[in-house]
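I'd like to ask you about the structure that follows.
In this document, chain identifiers A, B, C and D correspond to the written order of the chains, with residue numbering beginning at 1 in each.
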Amino acid sequence: MTKPIVEIQGLRVSFGGTPAVKDVSFAIQPGETVCVVGESGSGKSVTSLSLMRLVEFGGGDILDGRLLLERADGPLDLATAGAATMQDIRGNEIGMIFQEPMTSLNPVFTIERQLTDGLRMHEPLSAAQARTRALDLLREVRIPEPERRLRQYPHELSGGMRQRVVIAIAMACRPRLLIADEPTTALDVTIQAEILALINRLKRETGMAVMFITHDMAVVAQIADRVVVMYQGDVVETGTAAEIFATPKAEYTRALLAAVPRLGEMRGKPAPEPLRLVGDTHDPVPLTPRDTPEPLLEVRNLTTRFPVKGGILRRTVAQVHAVEDVSFTVNKGETLSLVGESGCGKSSCGRSILRLVEPVSGSVYLGGENVLAQTKRDMRAMRRHMQMIFQDPFASLNPYMRLQAQLTEPMQNYGLDNRADRAAALFDRVGLPRSFMRRFPHELSGGQRQRIAIARALAVSPGLIVADEAVSALDVSVQAQVLNLMMELQADLGLSYLFISHDMAVVERVSHHVAVMYLGRIVEIGPRAAVFENPHHPYTQALLQAVPIADPARRKLDTDVSFKPIPSPIHPLDHRPAPSVYDTVGPGHRVIQNSDYA
Amino acid sequence: MHYIANRLLSVAFTLLLISLITFLVTNILPGDVAMVIMGTQSNPEALAGLRESLGLNDPLIAQYGRWITGILTGDWGRSLVFKEAIGPLIADKVVASALIVVMSMCIALAAAIPLGIWAAVHRDKWQDNAASTTALFGVSLPDFFWGIMLILLFARYLGWLPSSGFVHPADDFVAAVRHAFLPSLALGLGLMAHLTRMTRSTMSSILSQEFIRVARAKGLTERTVIWRYALANAIGPVMTVAGLQVGYLFGSIIVIESLFNFTGMGWLTYQALLNRDIPLIQSTVFVIAAVVMLTNLVVDLLYAAVDPRIKLP
Amino acid sequence: MRGFLTAKGIIGGGIVVIVLLTALFAPLLIPDTWATQMDMRARLSGPTLAHPLGTDQLGRDLMYRMLLGAQTSIMIAGTAVLMSLVIGLPLGVISGYFGGWIDNVLMRLVDTLLAFPALLLALTISAVLGPNLTNTIIAIGIAFTPYLARIIRGEALRVAQMPYVEAARAVGTPDTLMIIRHVLPNIMPPVIVQVTISLAFAILAEAGLSFLGLGTQPPDASWGLMIQASRDFLDVAPLTALVPGAAVAITVLGLNMFGDVLRDVLDPRTQ
Amino acid sequence: MKRRDFLKTTTALMGGLAITGTGIGVAHADGHATPVSGGTLIWGHSETTQNLDMHQTGTASTGRLLQNVHESIVTTDKDLNVVPNLASSFEVSQDGLTYTFNLRDDVMFHTGAKMTSADVKYSFERCADPATGATNFEVFNAVESIDTPDDLTVIVNLSTVNAPFLSRLAENGAGVVMPMGSGDTQGDMPVGAGPFKFVRREFGNEVELERFDDYFDGPAYLDKIISREITEPTVRLTGLRTGELHMINDIPLDRMAEFEGNDDFQTVSWFPLNFDFVNFNHDFEPFKDARVRQAFDLMLDKETLMLGALWGQGTTSASPSFPTSASYNGDISQRGQDFERARALLAEAGYAPGELKVVFKVTTNYPYHVDSAQIMLEWFRQGGVDMTIEQLTWSDWLSQVWVDKDFQVTMMNFFTLWEPDFLYYSLYHSTGGFNYRKISEPALDEMLEKARITTDSAARMDIYKDVQTYINENTLDVILWFRNGTIGAQPNVMGLDTVVQPNGSEMNFHKVWLKDA
């Protein structure tokens, strides 16, 4: 066995007295990818920041332990290294990339400056030499038109491009170790696939080691050589990727793996099925669709556009074509998922149906009544029958209202009686103790808040719930619980869901029907099995190809992948898009003829 | 250019509103210009003659029309009490006020930015508290209090700087700066406090951003990280706040200029108000409001110039 | 509430409480003639047994004037800020929450008023109305209104775009209830902080107006008036300015610290 | 107070050197050195000059400066006798209706033109024209015509006798002679025949005057005078202390004691600069009753008030007449403080303690008035009157008190109007131009009208003495004191004893010089 490039021994870190990392030890060998995986609060990021000694800038203190970096003159303990030494090591021997590509680059400096200043810090280069190196780096991370990029500012680049620049910065001095802290979490799935492939390739080509921090077991399965599982500041398990996925030893690892929906595991199943979580005693009951589907929500030719204002008189100069000629039906007791990448119009579509934004044209029938034809007053009455769950459980609850009041408010709005009793019943229904009723939102965890959001939506007994990325912000184990709750409610109450999500694996798990959106249009719609098992539209196929699968045996990223960038949905005022025309390729399975995806 | 044209149009509209407000307010001011001109020696006949010759008997609309036309054509009329032509008079006084406003801004920024950065870098430590308390002390005392103290210290006991008066920078630049220094300092102390707080909060939010960590991860020195990476981002917001404070400064100069006998716009406005010199009040108030507005316009444009994210289409 | 137990919280809160108690009870405990009692043999005197903080140009006791002046200063500042809040809150909330042309019209007006420096506005209003206590309050109150309205509007706009407001709309909450239940409570923390800072500014503004002779009328004591009266005697009797100056400074300092601490305490994220 | 005591006080006030007559005291002046020409005097002037037109300007501060630019047709000597100035001599006809002025032939204007009778006629007519807005236009009310038989003779014909005409011409700019046709530019660029030429004014900041070499009374010593307008007393004082200024006028009252004891500076103090009085609105119901006015008078301890408000820099007086003038009535005296009698008088008039509520309007233009009001307020409250103070800016005071006569009690000062007609007729006649108190006393009106047409000087003065007695007995106003004027200067400023003009309010730099210029 070769000498490890980095060895962490008994690391302890605390923030203002609160322990964040309790006792962490593991090593990274040259040229291997070690994934540190865990949910929020596990201490995985703190560990990586400690290694760079950046944790101090966030108010953390390394209390104990050694961070040995192997160098030509023997191992150096980074935990006690001086500031000058650390500056020399950072960016030179260890490179690091971070989660948020949108904020990782300094908005007021050019790409060139940000690429070269680290280089020139560590190596004696002239400006021209540094520029040449920067160009090479941009080519290496496969950025098109590198000369032009050098002169550009970060806001002129797309998110994926920015993350490539950040990687180029980290790679600038050929580090022996690259630390990647959740580098793909904020990215769309196709871009995530590109970035993962890029990191993989760079590792292969340069022989550097990679320490990859993530919460996503699917990503781990795709890239890890070895895995370190962390939970609440401790390492619970280490092993090779194959070992961890095949024979997890720690109970936590098993629970975590159980909570991860795996793309393709629903193959052949007739209906959505709750996840089987560790500790569940009974087998999950699938949600069988009704024999005779009964339409609840019918959306026809829905179009929503947002004005872009400009000029002296703040007139509308262009339009964002957010939703363009979209039609679909949600049956009673069933779930239709709208799936797509950011900016595809799926959220606008959901909000248009509730008229939280006003559509331009089309019709929306709920139980036979046209939602779009209602007056403002009647619309309020209408909303009783359709409710919404929002993405961010932290922002969608008024921080100054007690939970009970949050639940009774909708009842009060619609003049329902016995509000306290109903609220108590709702607490039971979503699995929260009644003692929480007097609490404020900030006293709850994210999952608990999302339960409250669901309870609030249920308060007026609606038939339809629009769930807009309702589980996206949650840790995977919590996400599984909330998904199970939603499915359970559907089974018990006969609810219909319009489930809006970017996560193909989750969608596969919960949907009866799936609609794939791209640039405001539905490009493919049909029964879940048809869309997932027999995708017709090239975009659907690309999406499915990009989704990482939580199974190290099914790796997809050995070669570079590249997906088409999404064009702008902004068009001049006189733009008249053609109506959507569909081919029927199977029972209820339709594919658009004329999408912009070529 | 659309952005600038758009802003200019709205500025023109606001200026019109300002002129209307100014005119209406000054016309409900009690007191009589003719009276003030004549002082204790006046008598009814002389007053009536004077009123007529000053045009004070015309209807309000006519007086506003005359005034606004004058403003637009460059004929700002004459001060009733001081007999001077208002246009050149104000042009002169604006230079004086601009001198202390700019100097106090420089003094305040020169102190506030390092202090604010220092506090932000050592957030919640004793340095932060020390900086905040120092800054608070500046804002806790009225600026005229500082003014009097500065006169006593620097002019009376140390004899380093002149205690009062204004020298036109075109006549003698060094003397101009020396005369403007104490009033600027008195103004700057209060201003410094706001700007320190602003710099601190802007810098601490910038320092917690990801690109700062990226910069550190590149191995850049702390000095580069803070004074280049962070400050380049803070300068825009700090500038905007500083621009907004110009309004505050133009309020404070009324007191400070009177105290230092520094004959700028503040002094002139106060004299005009005291003497009910309506044409002069109208013009000074109008000019101050216009200068404040235009400063903010310039600051916005500058912000757009330093921040590549804001494009001027 | 833990936030109040920091050094800053204790000092800031302590000062605010002491000043408020002084303003409330000093006039009840100290006969007001003590502040107007003149002693021509002890004019501009330094600290003595009879006058622990010295006397002013008419031989009046500075300590009593400072203590009794607290009420005037606090009352003017408090009422003026309350007035600007009463006007500015509805303006700002309506403007920020409803947006559209109402917002355009109101904010155009507010922006125009903002171009007039507050002290200039107060000075002009004071000159129009004539100098007395009520008019001083009105002048400061009006001058401060556009600032508060602007800040409140910004906060209301921010809150109106929060998901919980959209969520409340989705559950059918009408506009009036929306403002009362969701907008007002959520804009309150920054507004309260702004109010404490405005109070500090109002105390200084009153001092500024008094300095120019348009504030409190003698022989009533206010801190501003005391500083104003001291301007000619500063070099021979610095206490005449230092005593009221220190009172203003400590109060403003306390209010600012209190505001900072309030900001932390009211921020749900720090709880 | 008797006139003799008065003079004694004056001498005491003056400290070292005393110059009899107007009571100017100069400390540390070296009166024996030989004057030299040259140098620029920097004067810290206490007020901002306004309209520079000598006819129009109403403020003493501006007149104080213009005094050096203009010359009057007649002037006064130290004893306040009217003496020739631009006129080499004058004659008054027996009937008192015709005034003949023989002009000097060596008077040059700053324009380079020689003064002729046409200029005099132009100046008088300009002043008399109501459209000019001249503050002294009523001096010429009785003028019927002005004849100029030749270049050096001016004959003024009156329609009715106006005994004070000549002395009014000597005072306050009424008699200044401006070059013909210069009226329109006087406001910006005053030109006259005085010892100094007006060069420029940086408005609110400084005024520059330059020696006029062709001055008829011989050129002045100083090359230039820079008058820096510094209204803030502390700042003015600091300027003198740091040497930025050669001299300042109006040393803050509380500093006089300190300055007089300081060998580094010269101080000049003189009296009277002005007199102060407390005014009642005679139209306000309670003050229609002389007993109420007297009660108020009885509540005031004038000596203490003077010490309190003026820091002793003044002299109490029961009469507003110029103290050294012939009309001064030294036989009347101020009432002493007597609360018992005051309360009794109020009760007699029907006012129980606390029943009378009065507002005291006072202008911030005179900080010592604000102090006085605060001191008086304590006494009035002690006397059972509920009084509040309202501070007014100068323009508010003028418009509310002076024009609208909307007040109950106020306080004012007047520069020493030594011409008794000017003083008493305008202040106390029911139609007087300065009668803002709405005083209407038929007996007094009769005396004042009679004095106007009494050409015998001694008889005229006796009438004015009776007038003073009447005012005092009926407490029409409460006359408080004469206030001292003060100048502080560096030791090298010479000839300070000549600066203050006999009337006590104007300043002339003709004979001032700098020792090491």
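Methods note: a contact is a pair of C-beta atoms (placed from the backbone, for glycine too) under 8 Å apart; a residue touches a chain by one contact, two chains touch by 3 or more.
The structure displayed is predicted, hence computed values, not measured ones.
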Ordered by label, the neighbours common to chain A and chain D are B, C
Chain centroid nearest the full-protein CA centroid: B
Contact-pair count is greater, between A-B and A-C, for A-B
Chain A to chain B, mean C-alpha position gap in Å, rounds to 49
In whole angstrom, how far does the Cα centroid of chain C sit from the Cα centroid of chain D? 45
Chain B and chain D: spacing of chain centres that average the CA atoms, whole Å: 40
Touching at least 2 other chains, the residues of chain B are 30, 148, 152, 156, 258-259, 273
Per-residue multi-chain contacts in chain A, two or more chains: none
Residues within chain C bordering two or more other chains: 127, 130, 231, 234-235
Pairs of chains that touch, anyone? A-B, A-C, B-C, B-D, C-D
Chain C partner, complex, touching residues on chain A are 354, 356, 380-381, 383-384, 387-388, 390-392, 395-401, 409-410, 413-414, 440-442, 453, 456-457, 459-460
Of all residues in chain D, which touch chain B in the complex? 48, 50-53, 56-59, 130-138, 172, 187-188, 202-206, 228-232, 234-236, 238-239, 241-242, 244, 393-396, 398-400, 402-403, 412, 414, 433-434
Chain C residues within the chain D interface of the complex: 36-38, 40, 43-44, 57-58, 127, 130-132, 213-214, 217-219, 231-236
In the complex formed with chain D, which residues of chain B make contact? 30-32, 34-43, 45-50, 53, 81-84, 89, 92, 148, 151-152, 155-156, 159, 162-166, 168, 258-261, 263, 267-268, 271, 273-276
Please output the residues of chain D touching chain C within their complex, sorted ascending. 232-234, 238, 252, 254-255, 258, 304, 307-308, 364, 367, 370-371, 373-375, 377-378, 388-393, 396
